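Presented sequentially are two complexes of subunit A, the first with subunit B as partner and the second with subunit C.
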Partner chain A sequence: MVTMSHTPAFPYLTVLVLLPAGGALVVAAMMKAPKWALSAVAMVTSLATLALSVVVLVLLHSRNGRFQFVSNHVWVASLGVHWYVGVDGISIFLVLLATVLFPIVLASGIGRRLDARAFAAWMLLLEAACIGSFVSLDLILFFLFFELTLVPAYFIIAGWGYARRAYAALKFFIYTFLGSVFLLVGILAVAFIHQHQHPGSGLTFALPALEHTHFSSVDGILLFLAFTAAFAVKAPLFPFHTWSPDAYTEAPTGGSMILAAVLAKLGTYGILRFDLNLFPEASKTMAPWILTIAVIGILYGAIVACAQRDLKRIVTYSSMAQIGFIALGTFAFTTQGLTGGVLLMVNHGLIVAALFLLIGWIHERRKTWQVTELRGLQAPAPVLAAVFTVVTMASIGLPGLNGFVSEFLVLSGTFLTHRWWAVVATGGVVIAAIYLLWAYQQVFHGKTDRANEKTRDLSWAERAAIAPLIVLIVFLGVYPKPVLDRITPAVNRLVDRVELVTHTKQPLVARSGPAVVKDTAADGGTGPSPRGSR
Partner chain B sequence: MPLFALVGFLVLLAFGRRIGDPVAGWIGTLAIAGSFVAACITFAGLSHLPSGAREFTQTYFTWISVGGLHVNAAILIDPLSMTMAMFVTGVSMLIHLYSIGYMKKDRDYSKFFVYLNLFVFSMLILVLANNLLLTFVGWEGVGVCSYWLVSFWFERDSAASAGKKAFIYNRVGDVGFLLAMFLVFSKVGTLNYLSVFANRHVLAGGTATAVMLLLFLAATGKSAQIPLFNWLPDAMEGPTPVSALIHAATMVTAGVYLLCRMNEVLALTPDAMWVIAIVGGVTAFVAATIASAQQDIKKVLAFSTVSQIGYMVLAVGSGAYIAAIFLMVCHAFYKGLLFLGAGSVIHGLEDEQDLKRMGRLRKWLPWTYATFLVAWLSIAGVPPFSGFWSKGDVLTNVYAKSPALWALGVVTAVLTGYYMSRLFFLAFYGKDRWKDPVPGGAAHHSPHESPWVMRLPLVILAVFSALAGAFDLPWVHHYDFASWLAPVFAHSLYLDHEGTVAQWVLATIDAVMAFVGIGVAWHLWKSKVNRPELERKFLINVWYWDDFYDTVIGRPSQSLARFCAGVVDARVIDGAVNGAASLVRATGSQARRLQSGYVRNYALGIAFGTAAIVVFVLSRTWW
Partner chain C sequence: MRVALLIASASLHGGIAMPHIAYLAILPEIVMLGGAILLLAVASLVRSALNVTVITVSTLVISLASLAAALWQFFDVQSHGAYTTLDHAVVLDGFSVLVTVLVASAMALTALVGDGYQRREGLAGPEFNVLAMVSATGAMLMGEANDLVIVFLGLEILSIALYVLAAFNRRRAESGEAALKYFLLGGFSSAIFVYGIALTYGATGTTNLTQIADFLAKNVVVSDGLLLAGLTLLLVGFAFKVAAVPFHMWTPDVYQGSPTPITGFMSAVAKAAGFAALIRVFVSSFGVLRVDWQPIIYALAVVTLLVGAVLALIQTDIKRMLAYSSINHAGFVLLGLEAAGALGKVGARGVSSALYYLFAYTFMAIGSFAIVSVLGGRGDAAHEISNYKGLGKRQPFLALAFAVLLLSQAGAPFTTGFWAKLQVVAAAVDANSVPLAVIAMVSAAVAAFFYLRVVLLMYSPKKFVSDQEGDRLENLDASGDAVASTSAREPLWSGSGRQTALVNELNATLLLESSPETIEVPDEREGDVVNVPVLAVVAIGICIAVTVGFGVFPAPLADFAHKASLLFMP
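So, the complex of A and B:
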């Protein structure tokens, strides 16, 4: 059902992908250039990318759930591979998440690096690969970008990480690569089956075409599992998460931010875009299982986070619980659940990036992440404490900040179709408060001891770097309407498609609200009746 | 109306540290005064309308709109919300004024007012919201302000822990609030109060019971009722104005407000009403027993607050919403006054909170003494002070619902008179015990009376504590509380039809009980300081509630967390992953002899392997 519309004269998306990639090449070629020149080129490139993505957002037709800004060019004719890109109300915000975060990572990361040239080049290449993954409508093209993210991510962890960086980088690479093998096999199988069913059309990997492939229920489930394996590892969903504590902890600050905020979303986005579009029936059949895994992940991640004594690991496991919420909303198959899931991808990205950035700054000052060695930082560093508490509250899901809106949508959407999963998942909300407030108390409250009393507060440069994230965290909490208005039409198209194929319907209130209730009341002939008092 | 508070918050957030002591405090107070004036104007405008037309919705913007879920940032102005807004802004304004003096010289002086203004803003959102979700925004907003303010003196570990405890207990209640909203939305398709009420027939039966019990769970968290009450005494770690504002007058009554707001749904479910009434009555009694044995002046007042809110909850459970709101308003005056008076004592004695180290303060703190006297007589229920009328109103209604609960309420009333008098006599009568040197410390200096910014709020609150009963005298039926609020509760209001004689008898019993409690306390505590037989460990340790939770929930979940992190995650799941990797490596090293080591051979192997899987999958389709 994915159809194209509104082909623009200017190839926005192609430029959006090539701009950071070109920037990476330029930076890599600047052999003898001074650090400031490198920084300038990298920053200008990433800011230009950000500006361009904002232009795309502004030009996007908000009420239109279809793919827009579509470019489709034959790339490898003999294999049927196309350079086929487009965005809809879902992917545009993931692109924006990437384009907002990369300049912050570069701004806060380059200056202090030993080999700034390589760091900046790898980061820009990673940005190109991430954006490419989010806009690809050709499965092979998606797979290439999806795999391409591994290379810069590997070198960033291995090159600029902490003590156990080699182990962490290798584990990350092998684990996610293994998942990708299943994805490749799955993609090939889908394309071949499609070619067999539509003999005239030739081999194609275009998502809109492949959606018209029919699978027997067993094949559908097998292919669903093959795709999901890759995405579940990348996200990571329980129980495929054990690479993440090592990778997130050992990666440099910028690496952790991008890994958790953007790369993880490749997994959840992949599930939403490819699993649900290609295998609606299998997705629906497997929904109770994935929902169960998601709920286990929410509770398990939160419980394990309670036992951690390392700030980065606490955030890692809390992040895993949030990914569980995304999966929960996705497989609820309601407008609220899916919209909340997409919004949560964005919100979680902003929050987790801010948390890793702040923790990185604490590490720069104190050379430790162990909460037992930190104490009373609020006295010497009140601004750091204030920013940290706001981000913590956003992560806990305080209304008025962004996390709450998505969490509420996910849970209320899930409650409509899978009540008991939603009930158990809501319990995770309590545990999140326990470990995050505990960590905050350990680090910032109490009487400052000798080791911590000289901790420097945030500099103006650092305040400027985190300010955009705080502004977005507050803005999306108070006024998420512009974002929701664009996500919802795209989500509704997806829900419609799933419902059409599987002959199911989401509860009426999800689409129509109270209007439905009044109708049923009229049908039943029981209008609002005055209540007798006792 | 809330805008003034928001502006105050933003101004102080941006410039507070530069403005500093005391101008920041005055800005904060002025902002709240602005809110109060706006509330008064709205109130006056509303009261000029005919009683049926006093209901407005004002929409500011669409907050969340996804599919069928549509939530506006909108306020509902009706007699109930305006009553709440009036007393919230009024009491807040006085407590802001008081804080200017109390927080003087504090390092984070301006930050205190930042939090306080944000608190008032959130509280106004809570009471004015026109839908459940926006109420929840205010609900959480006041919760987080309470967290920040309780742990305001964060260098004290006990304060930091108390703030965290308050937040987490409330979080447990919040689960109830969230689930109730999910349930309402799934049945009615909206969270707007008025639309939900219009469609309430959809909820009739078990759903209404579930919704109200879930909301009641939230209320027990916020309003410190059994089983979630024991965060409130710990919350006394916050500065005393915070205890007065948040943990006595305003925030803790939010649970009662929520139940009153949902009265149209509550009326559908007698079962939930019974649960609410019983929990309220039992909490009132249990907390009163604990208050009788506490030694810390603020702890006595904290348990007294729990007990008084128990009365309000009991009233709600009996369908006596107006009595509940009436008690809430009167309680805000006299309990706010008691806390501010206690703050004045603590201030005068340089941070002494132990009742046993006070005594004969009436000679030293005349203003505090006189105003405290009024509050004491009021809460004890001595006629004609406000507590007599409001508590009497509650008990009369409860009598009609269940004489057994009424009896429990009367026993609690005796206890109330007793523990408040014990506090009063220990603090203001007897000997100057603060002169005695503490073991290992020096004696206190002579207590000093507080500055005028602290005395003025005491006097104003004392006037209201004494006279607030006049808002709702049983024999007046014009311009009174009951006829003002009646439209809100029109469908569900329980109107007691006790005869005049019965009312007189009940009122007389109330008054007698108040004097019994005071008389007993006078006899026991007027000259003696230590009576271990009356201060049992069981009561001092709050019926061992904390220890019970710690044993049953706290420790096991810590073990579970350590087990999950240390064994399940590190050994089982990651062990399986690393085990698989080692297996591959071991197999690989065996197989290496067979391999040539050339890349092209590996590529070939991968290609064959991939092809095999593809063929397998395709075979299922083709044949």
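So, the complex of A and C:
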């Protein structure tokens, strides 16, 4: 295996997956335990998982773009399925995103839940499934975890969601299941084509091995579409998004946070990891189409968000626009664009989770998400307003906060290779500013009326829960270098591979991209940028 | 019995050479059938009626002895290879061993489930178990048959006992209806099957599977009308047994009317035996004609998959729903059979995937029907899907078990259901039937809908709580409002208004055109907490353990099926 390096004695990643899964079983078995005990076990498990993932980050060789911490064990010999896990500079941050968010969801979610045991158990199982998907290097293993996320997510929406939760949960499940149908058949087809091309090697689903498969251009495009169908539904990209407004809106706050912040990334991560690696030529051929639907998604999401009067729907559609930016960066095929796309996955996860958490708290206090019923919350709840401001600004892309860095990288990376798509997409950034600021104004400014004047400010527990997100939002905005340094080598490896196969070269300026942009971001964004229109 | 007949005929005529009998090859059948007859004899000779416990325990002992014999066979086959015996009429290979293991396990599980059923319905006497064991013997014979006559013999032993079992609950009119329907249609299909044998014999001059294969390999049949007609009629007979569309019409009625433990037995054993014989006959005898039969299987698979999944959507009776789901599962096994037609390794993958699927399905189906049987209540009649509403609150363990089994049937990861679907779809893709694989997975997505519908119902409440109250509950502040103390016991997801919305939405999604207002919400009968017999718990526990255990560690079972297909003697 060419990509194997630095195999540690301790199976970090296996433990990282099994720890929350084990925690889920323990919590599920605590039949008669009081709520504090459940919370304690769930929190300890998720915090231990977080600690372990931080250890992995610290031990990760930052200049090495290959898969590290690799464990590879035969699982089902007759099928060629392996327990094959590893991380690189791309997946480690998605793992961290999950391990950071789950303790927050649990901390803010368990306390007032009825049937807290089941909630905590499903959440921990979901965490295991998410981490498992991000670290899998065997395609069947990936598919298993990818599908496994559906089960807990379904139960969380159906069990603790709002009024139309049953409909939303079922729609979510069936829609995403239908998408993954094509993924499974696609995975099998890739593996068998590989087997026919390498008769001696036997059936394998290992990503590094399958990279050496050659597809005819028609096969490549069909398989690319099969894989992309599953990922586009999961992300969701523009025409496949119809399940998401229902699922995001009807899910309980914690569920929406995980759906939008982590599960959506399974789709974008899948595109980046599997589509680009396995089908570089088809990806390149299909790029204009995907870029087009990404741009449509950006504009559509932004425009629909403008028309919403419901805070949760505004966030849902703004999230959709952001997913469009991720796809844009991914299919720009430049180091800048891809690095920006990966960083945007992380940043969007942090921002959207914080937004859902905050509007969840607003709903808790005021029992409504309708912007028109909220007014002047700034006066009774100044801390809530302040935190909301920071997160909104980050989402809009204010320099100095994390959203800016990634959006800038994506747009500049795309501009180099696909100029007009970048130009149109920039319009989405402007509209985002309109609807988010409008909503913010409506909710927090103005004269506080009778209904809103008693709104409670954030409690200390709530402040503690959101603080890590705010810290990360600011930190990644001011000093993204450590993250970019680790993402870039992995992205460069991917770009090299695509260029090798397709005999193309990205513009030279893109290659050195992040180093330049890092300084601009730290300065407060004075460099030349396609955001000049603002 | 067959052995005795052979011996008798041999000694009478003197001219017929006594065939060599390797008794190990038919040991599980001897144990099962001998045990059944012994049990019947003892029961009719003792003065008082036999205790249900005694009957159940002896059935268990017989089934496990048969299982042990099958495992002995497996080691024998592994060390000595496959062989035929009884003048090549019976074959012992990895394939037949796996079928025997499957049938014997299914029999043991059915005895466990049937115990509680017999007590609840007040059925005395050993006939229930004896008939099931006779039926199981027929199924084992079908898995081992290397001669069309033996296939037919096994088919009839299997079926006739099942006809009686379907009618076993004399107090229920549905049971009689089911039996009559099953008997009439089954009789027709058997007749068609025999005619198929006759035509095949006419075309090839033999009924022995190996000799048919030899004949077809050495001769080119110029006018093959007779042969193809025979082949088609055989396929119709098999398709009836395995409930493939369009020969599935009996399935929902018979599954609904039969005593529920027998439904589970029927769904697992009759399907497994039918498919075992179908695979053996088509792959080993008619392998040369694959170009002729593969498209037929392809078409059968497509309609079976789709009709099974779509019709299951609109059922209101859980047993009918599971009947259609079993039709859908038959479609997946057909996927494996279609791939089994290919040559070499690809074909072997098809055989092993079909075997794996049958094995996984056996435990999912028997487990599911065990739960349905337990919940059926006295009279075995409470099978409305709406009865499952709120089961998660009433009987959390039973609901959890059912949820796991249903999710496994839907193909959820880390269950045998997932690996089973993965293997048959892999086999189909390997055999270049990608469209079929896609159709199968789409049907799985449709199927997921009706499995989840039941799961959703189980975890939705019966209690009425107003929307506002629900809201208050949902939003109990961290600071702890006083509301908590008064209504915290109400489930979070409550609210009959919401419940109505739920049902409406489900129905609206199902029927598409109907508006929510026109749909009647099924009245909420207060479901009682049913008493779950200990032995049923054991049976369900075993099914769950197999389903989840082999789901997390699929290697042993997958390798077993793989080996069985390699030891398959065409």
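By definition in this document, the second predicted complex is superposed on the first by the 509 of 534 C-alpha atoms of A that agree within 3 Å, B and C clash if a C-alpha of one lies under 4 Å from a C-alpha of the other, contacts with A are read in each partner's own complex, and residues count from 1 in each chain.
Operating definition for what follows: a contact is a pair of C-beta atoms (placed from the backbone, for glycine too) under 8 Å apart; a residue touches a chain by one contact, two chains touch by 3 or more.
The structure displayed is predicted, hence computed values, not measured ones.
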item	value
First (subunit B), second (subunit C), both or neither touched by A:L184	both
More subunit A residues in contact [subunit B versus subunit C]	B
Partner chain(s) touched by A:T339 [first = subunit B, second = subunit C, both, neither]	first
Subunit B versus subunit C as contact partner of A:F145, first or second or both or neither	second
Which of subunit B and subunit C A:L416 touches, first, second, both or neither	first
Which of subunit B and subunit C A:F192 touches, first, second, both or neither	both
Touched partner set for A:E462, first subunit B, second subunit C, both or neither	second
Which superposed partner A:A158 touches (first subunit B, second subunit C, both, neither)	second
First (subunit B), second (subunit C), both or neither touched by A:C306	first
Contacts of A:L223 with subunit B and subunit C, given as first, second, both or neither	first
Subunit A residues contacted in one complex by subunit B, in the other by subunit C	174, 181, 184-185, 188-189, 192
Residue ranges of subunit B touching subunit A (in the complex, touch as defined)	61-70, 133, 136-137, 140-141, 144, 147-148, 151, 154-155, 157, 160-161, 164, 167-168, 171-172, 174-175, 178-179, 181-183, 185-190, 195, 198-202, 264, 267-268, 270, 319, 491-495, 557-558, 560-562, 564-566, 568-569, 573-574, 577, 581, 610, 613-614, 617-618, 620-622
Residues of subunit C that touch subunit A when the two form their complex	352, 407, 412-414, 418-419, 422-423, 425-426, 429-430, 434, 437-438, 441-442, 444-445, 448-449, 452-453, 456, 459-460, 467, 471, 473-479, 488, 490-493, 498, 501-502, 505-506, 509, 554-555, 558-559, 561-562
Sites on subunit A touched by subunit C in the complex	74-79, 111-115, 140, 143-145, 147-148, 150-151, 154-155, 158-160, 162-167, 169-170, 173-174, 177-178, 181-182, 184-185, 188-189, 192, 252, 363-364, 367, 456, 459, 461-462
Interface residues, subunit A side, partner subunit B - complex	174-175, 181, 184-185, 188-189, 192-193, 196, 215-216, 218-219, 222-223, 239, 241-243, 245, 300, 303-304, 306-308, 334-336, 339-340, 376, 378-379, 389, 393, 398-400, 404-405, 408-409, 411-412, 415-416, 419, 422-423, 426-427, 429-430, 433-434, 437-438, 441, 444-448, 478-481, 484-485, 488, 492, 507-518, 520-521, 526-531, 533-534
